[in-house]
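Shared between the two complexes below is chain A, which pairs with chain B and chain C, respectively.
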Partner chain A sequence: MSASLWSRTSSGSFRAVMLALAGLGLVVAALPVLVIVVMSFSGDGSLAFPPRSLSLRWYGAALDVLFGGDSDSATSAFESMATSFTVGAITMCATTMACVPLAYALVRRGGRWRQWVELLFTLPLVFPLVVLGVAYLLLSETLTRQTGSELGLLRLAIPHIVLALPFVLRNCLSAMHGVGRDLEEAAMSLGASPLRAAIDVVVPLMKPGILAGLIFAFIISFNEFTISFFMYTIDVRTLPIWMYSRTVSSLDPTTLAISTLIIALDVALITWVDKIVAGKGSLF
Partner chain B sequence: MLLVLPALVLLLPFLAAVLFVLRYSVSGESQAIAGWSLAHYQALLEPFFLRSVGLTLKLATLSTVLCMLLAVPIAMLMAAVAQPLWRRVMTSLVLLPMILNLLIQSYGWMMVLGPTGAANSLLLKAGLIEQPVQMLFNEFGVLIGLVQTTLPLAVFPVLGSMRVMSQDYLEAAGTLGATPWRSFFDITLPLLKPGLISAASIVFAFNASAFAIPLLLGGRRVQMMGVAIRDMISPLFDWAGASAAGVALILITLVTMAAATWLTTHAVQLKEVR
Partner chain C sequence: MSTPNLMMPTQTSHLDIRGLGKRFGSNDALSEVNLSIKRGEFVCLLGPSGCGKTTLLRIIAGFERADRGHLLLEGRDITELAPHQRGFGMVFQSLALFPHMSVADNIGYGMKLRGTAAAQRRRRVEELLEVVQLPAIANRPVSALSGGQRQRVAIARALAVPPQLFLLDEPLSALDAQLRESMQIELRQLQQRFGVTTVVVTHDQTEAMMLADRLVVMKQGRVQQCDTPTEVYRRPANAFVAEFLGAANLLPGTVQADGSVQVLGAPLEAGTSLAAGSPVTLAVRAQDVRLHALGSDAGAAGHAVGDIEFVRDLGPEAELIVRCGADRLRCRSADSGLRQAGVGQRVAVHIDARRCSVFAAQA
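Showing the complex of A and B:
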């Protein structure tokens, strides 16, 4: 079919319709991001598209909101940005530290258990995010009511960890597949304990997969909106939640500049992963 | 066993939370776990919630159809492109909606579909409309948002099954004089069927349980189930009701997925028999 899509001899209507639909689909996929990036460089205060003049003034405003201003108050943008990064870091570390040993165990000694365990860890992806939001909210409210203890940042980190687990696990598993048993056995025959062999031989060889998993975990946590929307409190809120409460009445160009900065960070991270795993990474 | 432990500990809150929702949904009271009752499921039969279910099914179905209509040509184009650079550009274009924040993507649609947005100014300039059309905060806006955010979920499975598809049949059909349209409908689509069904079921399940897009692009006027559940929690504090509605939503998505799995295995078996 690839031939029929491209060859000039094939009848025009099929090729034209398919190319038009594919083009339309690609435009639709990228349109919101393109419009945000263009509008963030707008020189005028209204959000009419296309902008009449270009400027960097909204980036100045965005940096002022993020880093200037009153960073003491808990509802400030800086505070929510710090929360986003901290929760992202907790999610990265927790998921990776859990998934590296799990991947090792599954590949080396998993046997027929392996597919069931993988299924178990993919389960959170099947659940609607809204239901997960409700579920975690009920759980944490009950916990607070019964023990009186507040979860703090963990309110957000615990759900984010569960969302990131399947992606990190998949990356660790595919990295673990590339590590032959012979290198580990060689190390052990030279007198290394199994633990030493795992830490000094297997983990360094898994490094690209581990790194890709770390970055995916951060991206997932940093961009999460739905569950955070259920779980946030006055004191604990992430950057997307702060942006939402700021724009609930109307959108302003400063938010678009912040959005563009987040898009740039995401694109940079994805490009980095792409480089590390050289096309072998699996987001799916 | 020690190696599996940390991961299981991290998964534990999820399992606990799911059990909590199940237990809450049959609780006698609406804000605490006490006694047993099916009243919350009965309350779901009220017209308000049934309308929400109907709207959810309608928008999820429409968006799935549109999504597949765009995904198949995109996958064909991606399978046909040979240069690594273009392939990479297209892959990232399609991946974009999946990675980025739904809030930010909704901002983009607000500026495309809004009264002074790109779509309206384009249509006005072309003389197709005389005054701005309302495209935001109604079902149309939500539908567009749903199609866009789930496009990657449709494209990649279809692309996967397209890559393993044998080209021989198409070449044979071509030499025998079949038009591209004919070989597309008689060969390509039937061969892709299992991939298409599973991709469509994933898209449907995701869009039926959508929350951020209907909240941001539909306002309060498009009450899909996700938004309705949120309203039960926040202004109404009906925790048990929200849990029961959540279980209903899970059932809808699970039934869709199960039906799709059954259909694909069935389709594969039929092919093997032939």
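Showing the complex of A and C:
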């Protein structure tokens, strides 16, 4: 198809329109990222685009804020980052541990239930995040008032898990599809109990899907802002919340450097997912 | 037949299948299957697709539960036993080799589950690979193997822990014709060498004839005939079995007063004990029909006469379709004259009476 689209005989105006649209799409998608990356290397004291000089000073400042000093902002930044990583890890583990057995059950004996469960798990994605944020805030406040117990990190982890579940479940389901029933039966005919067959044969063959799900869950949790904004407390806040509080009064180039680092982490993780899922013939 | 007595199994049989029944929805996949398989016997379940042969094999393996009936292994009721407790080796139609394991790990998996030491496992794997004529591939990934190699690895894996029963589901269907033939011979030799009781499912009648000590011909969930290949071939139990085992022609006829059968407008001295006047079906193989060219309007006393309708050259011989009145007859002939005469040639039809079977016509 592409051959006919781009062949010399096809009309020049069509080609021009396609190129223009593709270029526009790329610019719209990439421009914010580009601006932030370029600005983070700025050598100026104030934010103006394009920067007049280049330096790594904001990265130094960022590292200092995150890991360095003993000032209040430093501890809270480091704590936010630690919280982000911890909540991300909890989200990864919880969603995967729920979705691997669930995907197995749905594919093997789900029958008509399968589509309903999938729909149910996808439901949070169609709710406005603000509504979800209010709902979770109400729920957690009620819980705290009724039982007197603080949820701690789970305040953030539970909504993150709910948001990540559909993605992880999809990955696990498609991975599970690739594992033929006959492989399990072969293991059983060789003397493996059904559980042993699942551990020895099904899980290793689902591995790419499981890994992709883990990484997706982490990225979703790490980047989540809206619900976290409702749920955060002074003790429990994530890096995006900290960055927001830092930029809301004045735009600090340090946050741009941190953003760039986060973008790099996201890109690295997504590249990894792509490698795992698509193998060698992938985009990157 | 009285109800089978579970307490008194036949001593000679290794696996006893008694009154097995299985329904899928409103469809009887198996009904009233009784079969007794002797130790060391090679049994072939044969039939068209949907005849229940695979279901029967899967019930024997434990992957499917029977609705009725019992399975007895050496007199012990194993009907309720889970697949992994049965100790049967199975080769799947897809082979089902574990793609994430090496050849050695595939073959050694059953031994690993039984706690065999690694060194002993390795020795046994080497030994088995030697037996299936694949030395020095133990460390290769399964994906690097050819179709025939995979086949052998699957067989070696199923035999690695000597199984009580060796089950194969259409094991050679994925191979090309030449490889299939050599694998058939190898499989038969392996089975004899291990002396393992074997049940194989196939829809290929030549494969079944070549492999088995005993054929079980099935249709719509029922056993049609169960006997040695020669016996099934020579004396099919009914028209279905005759047709499935290569009889290309099922001709309608009538039993005459002298015991011969009137078929295609001519009498044929086929042996039958059916009463005179009863309608019959005559099963004739294509190679048991001989043709003689006739003049354009000549008759042939005592023989059926027909016209060649279609000729197809198969190399050493030709396949011909002859129209005799309302019936069509498929036959084979090496007669080059007949081949050249071609469509429209009038021929006399000689059916070999000793090689055809007569069945009461189905109502």
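Assume the second predicted complex is superposed on the first by the 257 of 284 C-alpha atoms of A that agree within 3 Å, B and C clash if a C-alpha of one lies under 4 Å from a C-alpha of the other, contacts with A are read in each partner's own complex, and residues count from 1 in each chain.
In this section, contacts are C-beta pairs under 8 Å (C-beta built on N, C-alpha and C of every residue); 3 or more make two chains touch, one makes a residue touch a chain.
If you're wondering where the values come from, they're calculated on a predicted model, not measured in any experiment.
Once the complexes are laid over each other on chain A, chain B and chain C both fit without any clash.
In the superposed pair of complexes, A:L47 makes contact with chain B only, with no contact to chain C.
When the two complexes are overlaid on their common chain A, residue A:S189 makes contact with chain C while staying clear of chain B. Between chain B and chain C, more residues of chain A are touched by B. With both structures placed on the common chain, the touch criterion links A:P204 to chain C but leaves chain B unconnected.
Of the two partner chains, neither chain B nor chain C is touched by A:S76. Across the overlaid pair of complexes, the angle with its corner at the CA centre of chain A and arms to chain B and chain C is 100°, in steps of 10. Of the two partner chains placed around the shared chain by superposition, neither chain B nor chain C is touched by A:T122.
Measuring only between alpha carbons, the smallest separation of chain B from chain C in this overlay is 20 Å. On chain A, the positions that touch chain C within their shared complex are 180, 182-183, 185-194, 196-197, 200-201, 204-205.
Remark: chain A residues 1-6, 10-11, 13-15, 17-19, 21-22, 24-26, 28-36, 39, 46-50, 94-95, 97-99, 101-102, 104-105, 117, 120-121, 123-124, 126-139, 142, 158-159, 161-162, 165, 169, 219, 223, 225-226, 229-230, 240, 243-244, 247, 251, 255-256, 259, 262-263, 266, 270, 274, 283-284 touch chain B in the complex. Considering their complex, residues 61-63, 82-84, 86-90, 92-94, 96-100, 109-110, 113-114, 157-158, 160-161, 167 of chain C touch chain A. Residues of chain B touching chain A in their complex: 2-4, 6-7, 9-11, 13-14, 16-18, 20-21, 24, 33, 69-74, 76-77, 79-80, 88, 90, 92-112, 114, 116-118, 121, 144, 147-148, 151-152, 155-156, 162, 165, 167, 170-171, 174, 179-181, 183-184, 188, 205, 208-209, 211-212, 225-226, 229-230, 233, 239, 242-243, 246-247, 249-250, 253-254, 257.
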